[in-house]
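What follows is subunit A paired twice: with subunit B in the first complex and subunit C in the second.
Right, the complex of A and B next:
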């Protein structure tokens, strides 16, 4: 067997190729890799910078516990919806129907309790069932009919919203009626004070939801499968993961979280309006993107979304306190989104 | 040839047929892999190598024919069935998840949960144990890594990623490891590392099926070579009886394998 020993030449070059040694990196590369390993670092930095900037501009009253707790209350709904959105975005999808699902669920809770006179606990349960059903419809269309998530949820957003208008007859249920007949619906609005800061049960729910989802994503097989599915679906399938099952579960969980947001929404505004939460879709995507989760899937951390929601809240609150026109809030948030996506693109090139 | 053969094939295919529409990818093909050997599968593009492998692993079950593992008839419906029976496959396109770390990748799809209540009710992963096993498996194969077990796979080079994929197959394959073009995307030195890995795996007693277009690699590591042509097993040759040119000639149809003094169907060692 006459083989030209071409490898002997290469062997002289020395060095072990497949051993995992760490090579020397430039400062920029090190930052890139750091952000890669800790995707939440960039949003935390932006959050701290924003707090410092507004403290310098607005002064003491910005940092007052009451004001900061107000920011937390203002981002509660977006934060909760953001958890659902993060989950979907991690699978390289997007859910444009979250806002409509939330409103539909709140209308179902309100009307079954007030108009039909169901016990309020049962009305809330029904709202959760509707949320899960909406998620299942999204998941079914995406996994079985293989429709792109963007188009699917754009369609279902319209459909769910229409059902919402039909079922509610475009009527708002007054806060007073809910307080008298089904006060459990306003449970999430119950507030208490600690050292001048004001918290609602909705805010506590938000924090608990984030902790729960962090656990599920990082410490259960399901969470690893969600990341793997978004990262490279083909590789995940070859590793034996049923990616359709994972996707279906993700959309159903997202629907259930929207129902939780609906309950919290009733607590926050007191009434049930079929016109509420119009901006929830884009706001939740904003929080996810600023929080460092990649729109291309498989990359990101759940707490980034909380930070992202807080950044938006801090900007809105700080600019309002500074007496700046609302249009500049929009402007600043737009800049942040573009910056966040640009950072993600850079980090992905590791 | 059957009477001379006391060895039982660990993985055996008989009369395998697979059609895709009007294309016949597998045309009554046989396959035999014996314990402790590296069997290379070579063939021109479109000869049906991939279909053969998919039929054996369950990724695309054959329309007709039987697959036996350890002498027992199998009914694999999907790659998971093959995998749980002990057949691990390293795919050409790697099948690692880039943003997950090495340990997570090694255990992807078969994660270990904590013992007791936390694992049972909260499905809590046992990260420590998975990292410990991952570290052991990698150092067993000479891929020493201590702190980098938590490094995302995408920060590794092509050869390192392939090493992770091979380590995963070697760690979990209990009967057979199949490698589909493991060196196709690699540089010369990285290929060397992976070839050494293949020999390591074989020397640890695990039979390996190697699908490759790279004749020097095939001739270096394999014990026998299954030549696939026009959807069937055309010949089985050996690196020490056939030259690379003869192999290529048989594979392309330029030479009749029966014309070779060593014959068309080589026996495994010990037969």
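Right, the complex of A and C next:
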């Protein structure tokens, strides 16, 4: 029997220890992984690109501090509602009733202060209570009765809007009347100028709200539970999170934020109109989607919504300054939405 | 067995349909939306008149401005309900015509309110504001108030939306004609090339839209000193935008509508002048015409020289200008709606 020389074979084999295969990533794949980790990078990039493009098309006027701060003011209301919408979308839900809740709260604030003569502070508090109540109704229907969020809020949208029309009798309360009798309602409209740029208290509130919500979502247990519930509700439950409680709290907070938006709306527009905010729900979803938050839940940064709202605002402002017909604004926004969702789907495939 | 039961069930259900008697007849009112106070007041006027004449009013509305489908459905429902007459403010003057023809074939009197159909004679009659004249009145007032400065004016046009609907176009073009600007095509907004026009923007007829549109046009040219607005809520929003930059005293705002909040705004010098419409009159005249038709079969006649019955338009302003008859806001408050 010839001696089996096992050592000789071993000597011929490669000497490296087991190691991971180093993939050669193409540029596209590297970009995909980068965006997967930092989903807000894409909308920020689009925003900067848009600002540059409009500067080239429109000129210096576009970059004037007054104009840029004007855009910020114009997106304030949608931005605030966008925070509420982001919270709901992070739990893989969607809230179509945000606009109706906002206008109902604004009508409650206006009518109780002017028609019923309540002191302004109480009227505002009542508006917040109504907002929380509407949110609680949404939350209850979704968690206890297990109705899908899309359908539920589709229904509550009509219901809240109808209540708003009934309570207001479709009557508008004039800005001058509010200024005389309940000026605290217009508080958010107070503005001041810094270096040529104009800011309102409403805009400051927007920024504070974003910072506060960022902190809550990233540095508190509640925030992490929200992400977990949206990403994988079953895993979250198994990990000991009461997903029903989290969902209910999300919808109540969303309702309260809509009431805040209502107070800010009165500040911006001066009057209380029961027809306000009719497209607010779709506009807020647009801001959330363009901002990189996934509609399938569990992923997205809150600041993305602010960037998303700003992108829409910059496009509308820039195209208006360039004298382009209004229908192209709609076209551009639609295109942005599709690009944003396509990017989100592509990023998911990492 | 199941088939027999279900047929029996269906037959017994049909017996449950009550025989409803509707006094002298049903009048249908189909408005563009049920949110705009203009249509809410129109409905109230129609209800009051219908009660007075002993008719039953059934009202319907589109879901949003421009919603044609809901109005087509409403007309079909009214046909099957056996209405004697339909009063409609069409969201789409062309697209609603086939449904109107169906109704007329069924022997129903169809009256267009506020917005004429296209073609106008598709309806048996039209009770409307002359929206072009409404625009002309405020345009003439603005030009007369500016006097010599009218030739260097900077005009901002705040329209309803991008759809070029008839009311929007009529008021916009009427204003420009009244001000003295070449219209190019009177059926289209935004095609004028007069240097005095800073631009057109859309407001959706709301305060927020008015504010945003005014801000954008002011960014285009901060020297804007005349603002035409499609309605009084948009004018209120535009005023807020001007107030935010301290320009509210330098700019003339004109509008159309005649709602009570708007007339109060004329009193408070927020709006310089507004053309008042009479929606309650439109509605009550419409109901009267249907009652007359139900009784004797006579159809209403148009105002001489026009292809509609003019329910009138009046200029409301506290600063009357030469060549433009107007009434003061105090008098306007007695006639306003909403």
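As a convention for this text, the second predicted complex is superposed on the first by the 326 of 350 C-alpha atoms of A that agree within 3 Å, B and C clash if a C-alpha of one lies under 4 Å from a C-alpha of the other, contacts with A are read in each partner's own complex, and residues count from 1 in each chain.
Heads up, the rule we're going with is that a contact is a pair of C-beta atoms (placed from the backbone, for glycine too) under 8 Å apart; a residue touches a chain by one contact, two chains touch by 3 or more.
Only a predicted model underlies this, so the values are computations on that prediction, with no experimental measurement involved.
By the document's definition of touching, neither partner reaches A:26: not subunit B, not subunit C. Once the two complexes are overlaid on the shared chain, A:175 sits against subunit C while remaining clear of subunit B. In the superposition on chain A, A:241 contacts subunit B only, with no contact to subunit C.
On subunit A, the surface touched by subunit B in one complex and the surface touched by subunit C in the other have no residue in common. Those residues of subunit B that touch subunit A in the shared complex are 79-80, 83, 89, 91, 93-100, 104, 108-111, 113, 122-125, 127, 143-145, 148, 151-152, 154-157, 159-160, 162-163, 187-190, 192-194, 216, 219-220, 239-240, 243-244. Considering their complex, residues 61, 67, 70, 73-74, 77, 165, 169-176, 189, 191, 198, 265, 268-271, 273-278, 316-317, 320-321, 323, 325-327, 330 of subunit A touch subunit C. Looking at the complex, you find that subunit A touches subunit B at residues 1-3, 6-7, 10-11, 13, 15-20, 22, 33, 36-37, 215, 219-222, 224-225, 227-228, 231-232, 234-236, 238-241, 298-299, 350.
On the side of subunit C, the complex with subunit A involves touching residues 34-37, 40, 64, 161-162, 190, 199, 201-202, 204, 206-208, 211-212, 215-217, 219-220, 233, 236-237, 239-240, 244-245, 261, 264-265, 268, 270, 338.
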